[in-house]
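Each of the next two complexes has chain A plus one more chain, namely chain B in the first and chain C in the second.
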Partner chain A sequence: MLNTHLRTLILSSIAVTSLSLPVLANTSPSEKGAEIAKEWDARDKGFGDSSANLEMVLENRHGEKSTRVLRIKTLEMPDSNVGDKSLTIFSKPRDIKGTAFLSFAQILEPDDQWLYLPALKRVKKISSKNKSGPFVGSEFSYEDLSAQELKKYNYKWLNDEACGELQCSVLEQTPAYENSGYTKMIVWYDTAEYRQQKIDYYDRKGALLKTLKFTEYRQYLSKFWRAHNMYMVNHQTGKKTRLVYSDYAFQTGLKGSDLTKRKLSKVR
Partner chain B sequence: MADFFGNVAERYAHWVIRWRWLLVFATVIGAVAIGSGAQNLSFTSDYRVFFSKENPQLNAYESLQDIYTKTDNIVFVLKPNDGLVMTQKWLDVTQKLTVESWQIPYSIRVDSVTNFQNTVAEEDDLIVADLVENALSLSESQINRIIATAQNEPALADRIISPDNTTTAIQVTLQLPPDDMIALNSAVEYAEKMAAEIQAEHPELRVAITGLAPLSNAFPRASMLDMQTLTPIMFGIIIVALIGFLRSFSGTIATLIVTILSTITAMGFAGYMGVKLTPPSAMAPTIILTIAIADCVHILVSMFHEMRAGRTKHQAIIESIRINMQPVFLTSFTTIIGFMSLNFSDAPPFNDLGNMAAVGVAAAWLYSILFLPAFIAIIPVRVKQVKTDKIEAMDRIGNFVVANRTKLLVSMSVIAIGMSSLISTIELDDRFVEYFDDSIPFRVDSDFARENLSGIYQVEFSINGEDSGGISEPVYLQNLDKFAIWLRAQPGVVHVNSLTDVLKRLSKSMHGDAEKWYLLPDDRELAAQYLLLYELSLPYGLDLNSQINVDKSASRMTVTLDNVTSGEMRSLADRSQQWLLSNAPAHMVAEGSGAAVMFAHIAHRNIQSMLIGTLVAFLLISGSMIIALRSVRIGLISLIPNLVPAAMAFGLWGVLYGQIGLASSMVAATTLGLIVDASVHFLSKYVRARRERGATAEEAVRYSFRTVGKALLVTTAVLFLGFAVLSQSAFQVNSDLGLLTAITIAIALVVDFLLLPPLLMLLDRKKSYTSSPLAAPQAAE
Partner chain C sequence: MPRLLRSAMVGAALIINAVPATFNTALADMNLDFSGFIAGDTRIFTESPALSGQNNAHLNPSTVVQLEWNFEWNEGADRIDFIPFARIDPQDNSRTHADIRELNYLHLGDDWDLTIGIDKVFWGVTESRHLVDIINQTDGVEDTDGEDKLGQPMINLGLQSDYGDFIFFAMPYFRERTFPGTDGRLRSPFVVDTDRTYYESDLEEFHPDLAFRYAVVAGDWDIGLAHFYGTSREARFIPEVTGGGKTVLAPQYDIINQSSIDVQATYDEWLWKLESIYRQGHGDDFVAVSGGLEYTFFGAIGDNGDLGVIAEFHYDGRDSTAPATIFDNDLFLGFRATLNDEADTTFLAGVIWDTKTQAQSYTMEATKRINDNLTFEAELRVFSNQPATDPLYSARDDDHLQVRIAYYF
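Then we have the complex of A and B:
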């Protein structure tokens, strides 16, 4: 689940047509934004399931670092009105080793979440409307990391501009769900492969809060792009978090029956 | 040698008169050019400015804030005058204000009774939600449940909600760019606007605003208020004093121009040096106005005296410059040394004040010998005949002192020693809320908040665990809990915020909300996993990062205090550290820090740093006295009238007020430079009478009274009034400094008149000075 917002499905057949995407002369900015987002979503369809290791490096203003390590398994739900399912298993720090987190993403409702606490040997359902707080103390909120379903946002195209060596479309995305920590996000999609390159997050008072940069994109199964390095800087507190992904695997045979509350206490 | 100086001064005076037009224009243009730097001046709005970069308390606090979140905050305190605040209506208002508080510029966190993240167990679900939702539709039983939860929650009771449910607070944490007055202002003004709007909508609700951001914002407000009120009063006093004493319109105008030019020069200099104005440095104009007139008065008095004796105006100017060149330079020099010694202070605003005042005094000296004679040479001057009654009065004082010298010596010595010994009754106290008087809303609101709910004096501890993730270790948590319990039992402690309360609540919620599970997890992994679960449930801005560091190896303990004295605060910080030393593992030992702790140490720390500064100033000033008077013996005798007044003033202060803070460290050095002027004048006359006229000590004392007594009375009165004006400052450090300096100056004159002469008659019995090779006519007049 933690990386599905990266999914930038590239179906080579579509890729060819995408270069000649019908850009209507008189589309409104919101239609154009929705088109681009749809393309981003479409290119990640069909990955089935994936798993990856993730290292989170938290850094405070002093440069003091702290590391978390976890493994994420994601199962794609083909129905676009149903969010993906994901399982996160913590391995570091050792105090939370074996803690497993199961999430069924929803579109506009809060996600269903369960946490297995090995020390308590119990599964607890987390019932909270508002999960915009930091994920394990990092600068990523659960909101940033959870499945970025297409219908969670309203889109507006702002402009096209250069982003590094690439050309990007810049979209303004406003959360369509309640209790977001943000008023808006500005997202840069490269026009070549429709991958997110950069996101600016704006807080409740409309001030720039964080910037996320995606680097080290690699393609899997000749289709699916995944960034292996994501760097979030909090402009207000000066704190930073880097996510480093490794050991990506796709279509490992993960089934819906593996991702249930009952199975949660048995995952390793 | 003196003739040489006299000749140089005379030639200089001729030059000034010759080039008078040029000099008048050049000095005015020069002063305005330097003064234009004043447009670079701005007010600082950060309470941290009172602490140098090396200040250990500041550094301790900064590193604590680097580990967790910043502590700059704005606190709204709400109290309806119709009783309970825990009602549908007022909870709704609180909720709306909570939501709106996220709009305050630079806000990163808002805590209130409504958005408190309450945990409730329902079967195997952990429900984390706002304590108050849809306030207007709450039933009475729901409200009662909310009250019970809030009053049983250590994080809320006595901090966010008062025990009698009549007062509640909304805490807004800010992440402000450092020392950015515009940013700070925008946040505080936004909050003030919110408060005003609510108050307009609900006149029966009292809304107070306190916190560290309003504190910082109160400094520039106090500075501006002072500059707007005190400087005009000072001008008024100067004009009245000058007209009364000089009885010359031209002289008054000339003196006013010199004082204004001096002030402009000093402020312009400060602007070019990048000084940011603080309440202490905002005193500089008033101080410079006060001191700058002394030079002019001495030059003008001599000049009028010569004119009355029949000389032309230009001749009188030349003669006045000749005899005043040296003493005016000497008194300015000693005053500059006194102010420059403030650079030893650990509080940068006083370094600025010292340098600005020193530049102002130097400028006053320069303009007194450049602009003043040139200007007076241009404008018409009329001299009125002055009655000599005051001189006769001075003669009588002189005779009285000579006649009663033994009695005076004994009684003055007893008084001086007695008063000085009362210094021990002074208690050092720096409570930053009390720094401001009731004309500053921050003071009124902070008092209101403290009386009805909770104060803003806090002591904070960052308590380390043994290793990464160590905050979950049962031994750590148990010790932390014992520490919290111990702290809560200490006098003056209103509230303690501890991580252990969060874990106890989670433990309870993880066990079906059973009260018996309100205890600390006894397993490290269990505690860590509880925290993980809790963190996954929290909304934006209400995370645990303000209480736990990123490595989960340390947690923050925040102790809120009532209106305790600085001494009690230091004592609590010390006892806390001692408690940790003797009861907890070594890694848990921590030092208490916080804004209040920084101010609690500021006076001690500045007294230490100013001891050296005062000693250096004392040595330099005494050295220049000995050189100027050309007598080691008289120079040494002068130490007594120069040292005793400050000691006596402190003793008097101890009896009258008892408490003093930061101001105390500055008074000795600054007053030394000022009070020495009176003894310079008195002694130079005395020495002159002894040397030139072969007078006995008794005759010389009478001569001093006759020639210089009245001038000293007037200059002392002006200085006294000038600093007494400062005692009206809205900022307590300034008013203390002003009043204590005024008292010292007044005592100094009494000592110069009643103790110094008997001392001279006792210790300087040598028959005559005429054999002295230095017995040349003195320039000091």
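Then we have the complex of A and C:
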């Protein structure tokens, strides 16, 4: 009796498994990866605009530190074929105080970028082909800091595994745009909130170049998660850069007319 | 009547309540930032001066101070900037000078902005000559590259639209160019006497100068069209003999009309640049053109450093009655190295080469941050093969290296 019952249970669980298995079998790793990335992207949709202060601490292999302080304003572009707009204004070190970047992110094309030099009060359109170049001497390249858009990568699910106290889906992402410094990125997304927890970057020769860890996630407007601490280690040079975000504000009323070449020449 | 009174009292109470609230919000939002730098400059001249009266010292130390106050409120939509500047040069009284680089009130609206006061404005795209840049007067004692500017009083209105930016300038007061004194190096053979300035306009420096600029970003193209009407920032020079029998140059500022275009096309590693002016009021009407390209080899230096190659040509059709220029038929060839390191190390080196006279003017600039407050800058200027007709002939023995240590706060 008990045996029959057990057998039914086993059979029914097999039935359940066999029911779900065809679905899994039909979902290729790249489809599953794309699904996870889509969920990550969807969960950040509708933030509108944000502004934050950022302290960037650069550390060389001798442990010597230097600090940059900047403010970033971001305007979400609802169209998924158009990247977000952002304005970055430096306040430290003091010799580059007032230097500002205006960036219109593109998906596969190079971003449109203008640089404002306060000493000459000159705005320069600059080439953004150099996606892999370091941002102000840090371990973050332009492509690391540029808007993370869904369609910039091809995705492949590798496995699920524990990541600290959380469970993570591990994805391999290959840049779909040209001139990336990376052949691939391995990205850990937690399965609870689809937040990026860790990224391993592989250079053009396929060797592990950098690891980025995201910590101190906080949620805004009961929806949008932002890491307040991002720590990048370059395994090949031993150099490190820590980003510490503060004073995050969302839906501040930022408009497209605030992020223009004309307004760039008036920032402080 | 009592009802009206009551309404009035309620209204007054509302206003009394509302005003402090607005005022408090504005107060809470006010932000004052103070910054600036102090720098020690040393010019090292390799040769003795060519002109009589010039200071014979090979070392020319001087001190520069620039302070900056930014006071903003209303979430940054309203701002007052104040940037005073001063240089003390113990060897040249005329180079010891102070200027208000900026003192203005700025309002940023949604699609418009308004600046009232002293400000600095840059137009243009090329690197070796700033042909279309005309709003501010050059601070001629600072450097030979013409990139240091005097503060210009103005009312500046900018209107943004889907079709581009429409920018209007009214400039009620003209700033005279600064020139080195008798003791100074890098000057004309006769000293420019700014107490003998002439103006074409009877209103002299109070002639109202006007300018308009249309700027648009069209895909990979950044385009600017402009017109300036008013007192030329460049002077003609009239030799005069002083009571003491000394020959000096009196600057004469004419009224000009200048139309200009500046274009940059940005394609991957290529920057294509063009500037051109058409000027009336300096002898025969003339056209001048500067153009060229910059190509960057990204990551060519070490892992992260970029190497840029710059080639520009200059043509200027002005006749001999117009203010002289060195850029009549010249080529600029140079390179820029940006190391993208923690110290923001940069080099820019090049030569302006007159294709007719073979005169060459070499320039090298290097900058590096020493720590979060200190920077190091070096500038090398070498003049070679200038014929006696060249405006730089009188500077032929003024090759120099300038070294600057600046403390920023």
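Here is the rule we use: the second predicted complex is superposed on the first by the 242 of 268 C-alpha atoms of A that agree within 3 Å, B and C clash if a C-alpha of one lies under 4 Å from a C-alpha of the other, contacts with A are read in each partner's own complex, and residues count from 1 in each chain.
Here is the rule we go by: contacts are C-beta pairs under 8 Å (C-beta built on N, C-alpha and C of every residue); 3 or more make two chains touch, one makes a residue touch a chain.
For clarity, every value in this text was computed on a predicted model and none was experimentally measured.
Once both complexes are superposed on chain A, the partners chain B and chain C clash. Shared-chain residue A:Pro134: touches chain B and chain C both. When the two structures are aligned on the shared chain, A:Tyr142 is found in touch with chain B, with no touch to chain C. Contacts of A:Asp95 after superposition: both chain B and chain C are touched.
After overlaying the two complexes on the shared chain, residue contacts for A:Lys205 are found with chain B alone; chain C is out of touch.
Once chain A of one complex is fitted onto chain A of the other, the partner contacts of A:Leu115 are limited to chain B, with no touch recorded for chain C.
Legend: residue contacts after superposition of the two complexes on their common chain; A:Lys263 is shown touching chain C, with no touch to chain B. Comparing chain B with chain C, more residues of chain A are touched by B. Once the two complexes are laid over each other on the shared chain, residue contacts for A:Arg61 go to chain B alone; chain C is not touched.
By the touch criterion defined above, A:Lys255 lies against chain C but remains apart from chain B after alignment on the C-alpha atoms of chain A. In the superposed model, A:Lys125 lies in contact with both chain B and chain C. Of 545-553, 581-589, 617-625 or 707-715, the segment of chain B whose C-alpha atoms clash with chain C in the superposed model is 545-553. The intersection of chain A residues touching chain B with those touching chain C, taken from the two complexes, comprises 58, 60, 66, 93-97, 120, 122-127, 129-130, 132-134, 136-137. By the touch criterion given at the top, residues 63, 66-67, 69-70, 102-108, 122, 124-129, 175, 468-469, 472, 510, 523-530, 532-533, 535-545, 548-552 of chain B touch chain A in their complex. Of all residues in chain A, those touching chain B in their complex are 58-62, 64-66, 90, 93-97, 99, 101, 113, 115, 117-120, 122-137, 141-142, 179, 181, 203-205, 207, 236-237, 239. On chain C, the positions that touch chain A within their shared complex are 33, 35, 37, 70, 72, 79, 81, 106, 108, 110-111, 113, 115, 120-122, 124-125, 147, 158, 160, 165, 167, 215, 217, 222, 264, 266, 268-271, 296, 298-299, 304, 306, 340-344, 369, 371-373, 375, 406, 408-409.
On the chain A side of its complex with chain C, the touching residues are 58, 60, 66-67, 91-97, 110, 112, 120-127, 129-130, 132-134, 136-137, 255, 257-258, 260-263, 266, 268.
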